[in-house]
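Encoded as structure tokens, here's the structure I'll be asking about.
Chains: A, B, C, D, E and F, in written order; residue numbering restarts at 1 for each.
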Amino acid sequence: MNTNWTDKLQNLKKTTGTLASSSPETMKIFGSLALTVTKDGALSKKNKELMAIAISICIRCEDCIAYHMQNAIKAQASREEVIESINVAIEMGGGPSTVYGGKAIAAYEEFTRA
Amino acid sequence: MNTNWTDKLQNLKKTTGTLASSSPETMKIFGSLALTVTKDGALSKKNKELMAIAISICIRCEDCIAYHMQNAIKAQASREEVIESINVAIEMGGGPSTVYGGKAIAAYEEFTRA
Amino acid sequence: MNTNWTDKLQNLKKTTGTLASSSPETMKIFGSLALTVTKDGALSKKNKELMAIAISICIRCEDCIAYHMQNAIKAQASREEVIESINVAIEMGGGPSTVYGGKAIAAYEEFTRA
Amino acid sequence: MNTNWTDKLQNLKKTTGTLASSSPETMKIFGSLALTVTKDGALSKKNKELMAIAISICIRCEDCIAYHMQNAIKAQASREEVIESINVAIEMGGGPSTVYGGKAIAAYEEFTRA
Amino acid sequence: MNTNWTDKLQNLKKTTGTLASSSPETMKIFGSLALTVTKDGALSKKNKELMAIAISICIRCEDCIAYHMQNAIKAQASREEVIESINVAIEMGGGPSTVYGGKAIAAYEEFTRA
Amino acid sequence: MNTNWTDKLQNLKKTTGTLASSSPETMKIFGSLALTVTKDGALSKKNKELMAIAISICIRCEDCIAYHMQNAIKAQASREEVIESINVAIEMGGGPSTVYGGKAIAAYEEFTRA
């Protein structure tokens, strides 16, 4: 019953892909919003993706963790940076964030092993 | 790892069925609440079920999506109406609602294919 | 200590106005997202604003209630339609939704009295 | 800017009172649900109200804290029991629960002073 | 597709174990927080674990339900006490709490059968 | 009805101060958790406080925004960095995050003006 994070991400892409073709106008605008807010600026793309991971943990969204973890890794986030982001999420979310923080580190390990 | 929405709904019925037999008084009152608020009135049952889907997406509750999607389909909600409800959820919930909106459209497709 | 909803809305416009001038690119895209998802389509603008009210109640966001209530009233939502939307929020959110549903009806009354 | 919890409760009663007269059927059923789940049973009414306080803190609902605190006090909850319930909420909610836990103890103090 | 709660708990222990070895300082402090708030005091450990279950249901965290259910059972919580805690969660969370309440009773049954 | 953020922070310190003296053991451990997770490490204290602001916006906690904004400013966060953190919160939280993002920028302005 271990989560397979690569499959989870695959499935996420499929379902949001269906949504994108069903609702092209809204999803195109949302895509442009996502692109705009995460580009390098006063804060680096890496830091913004780590921020998105911490938020995903606090709101308990597994697929969001998968998606932003993949982006953070692409942006060269280190294991230690991921862990410290999880720690902030624990301070802001308590016990449930230890649960989803555990999921986040599992996703990190699977994505960097692959 | 694609979610099987029909199985999910089946399992939901089983677990809430156990709850209903374990806690008959509370669950009977709750059932009467659910019935009352979703009946046709100033707003149609269909519109109320679509509203419940949008809420379910925003609060990230997969089984709630499954349950209210089935009801919305029974109440003759069209694919386009489901999609526009997902869009409202995206405005009110951002990226996580694109994730659960994707799940909602997958549920819709499975339930209307079946 | 009654909430003054007109003041609340005024203040919301001021703070989001500051945000819009501080972060014009993101807020312009978001504005276009909000516009797109709430326009008349398979569902009416009125029904979408009522949906946004129900979500606002379930996530306990007072300013969101104020903002979408004003829009719903502009889109000709009736008192009965507002109440039935609150009822759906109660089914989906329990006791806390009776609290924020009470706030919603107070906002409706103040905005339609003014 | 200290919250006046007695005023807050007063205002809550007014707004939910308006809701009750606007939506009598739903609110009557909900009232009966609330009554049923909090009566003495395998768990005491006091313990259930403390449970509702802990939930209210975790979901950050000030009026819910006010309402259930008043009920807990009526059911003879002690200051120490309130504090231990806040502590559970802190474990389950992290920093934000220290914020709303602080509000809860302030409400307790105001209601028992009055 | 029935959830296997024993497997879920097993997997939770594995992922949080990885987190504990990756972030020993934070997780050690958090462990001490969890221990402190749930020990017998003005409220019993059993009542605090039931409180944590009710919160877990309201915030829709399956693994949290699994973890605190196991603890509640160890602390001698009865089936009826679990059910009444679920009922409080239903009052505080509406329909989604009937969904996660159903999961909670399924977890209880699996853990007490084992 | 503009929020006075300095007063809000003052009041927060008072209520959590009462909680700290009422529940010294739990609050001392929590304080040590907060200190540990936000200290400079692989990520800077500044970046962690900005992360906490983004989370506070997404979970709609005004006092949390006030508290972490003050810390971020002390850690030399710039206006632009605050704005980009708000933007990430908008991507992760939609419309409600524009509302609480507006509050965050208002808090930033008041704290840096003072």
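The definition used in the following text is that a contact is a pair of C-beta atoms (placed from the backbone, for glycine too) under 8 Å apart; a residue touches a chain by one contact, two chains touch by 3 or more.
Since this is a predicted model, take the numbers as computed values, not measurements.
The chains touching chain C as well as chain E are A, B, D, F. Shared contacts of chain C and chain D, meaning chains that touch the two of them, come down to A, B, E, F. Chain A and chain E carry the same sequence, and matching their CA atoms takes a turn of 120 degrees, rounded to a multiple of 5. When chain centres are set by their Cα atoms, the one at the greatest distance from chain E is C.
Taking the mean Cα position of each chain as its centre, F sits at the greatest distance from chain B.
Annotation: A-F is the more contact-rich of the chain pairs D-F and A-F, by number of C-beta pairs in contact. A straight line joining the Cα centres of chain B and chain F is 35 Å long.
Averaging C-alpha coordinates per chain places the centre of chain E 29 Å away from that of chain F. Inter-chain spacing, taken between the CA centroids of chain C and chain F, is 25 Å.
Residue positions of chain F touching 2 or more other chains, listed in rising order: 26, 30, 33-34, 36-37, 52, 56, 59-60, 64, 83, 87, 90-93, 95-96. Those residues of chain F whose C-beta lies close enough to touch chain E in the complex are 25-26, 29-30, 32-33, 36-37.
Chain E makes touch with chain D in their complex at residues 33-34, 36-38, 41-43, 47-48, 50-52, 54-56, 58-59, 64, 78, 80-81, 83-85, 87-93.
Chain contact summary for the complex, chain C toward chain F: residues 4, 7-8, 10-12, 14-19, 22-23, 26-27, 30, 34, 52, 56, 59-61, 63-64, 67. Listing the residues of chain E that touch chain C in their complex gives 90-97. Residues 1-3, 60, 79, 83, 86-87, 90, 95-96, 98-99, 101-103, 105-106, 109 of chain C are the ones that touch chain D when the two sit in their complex.
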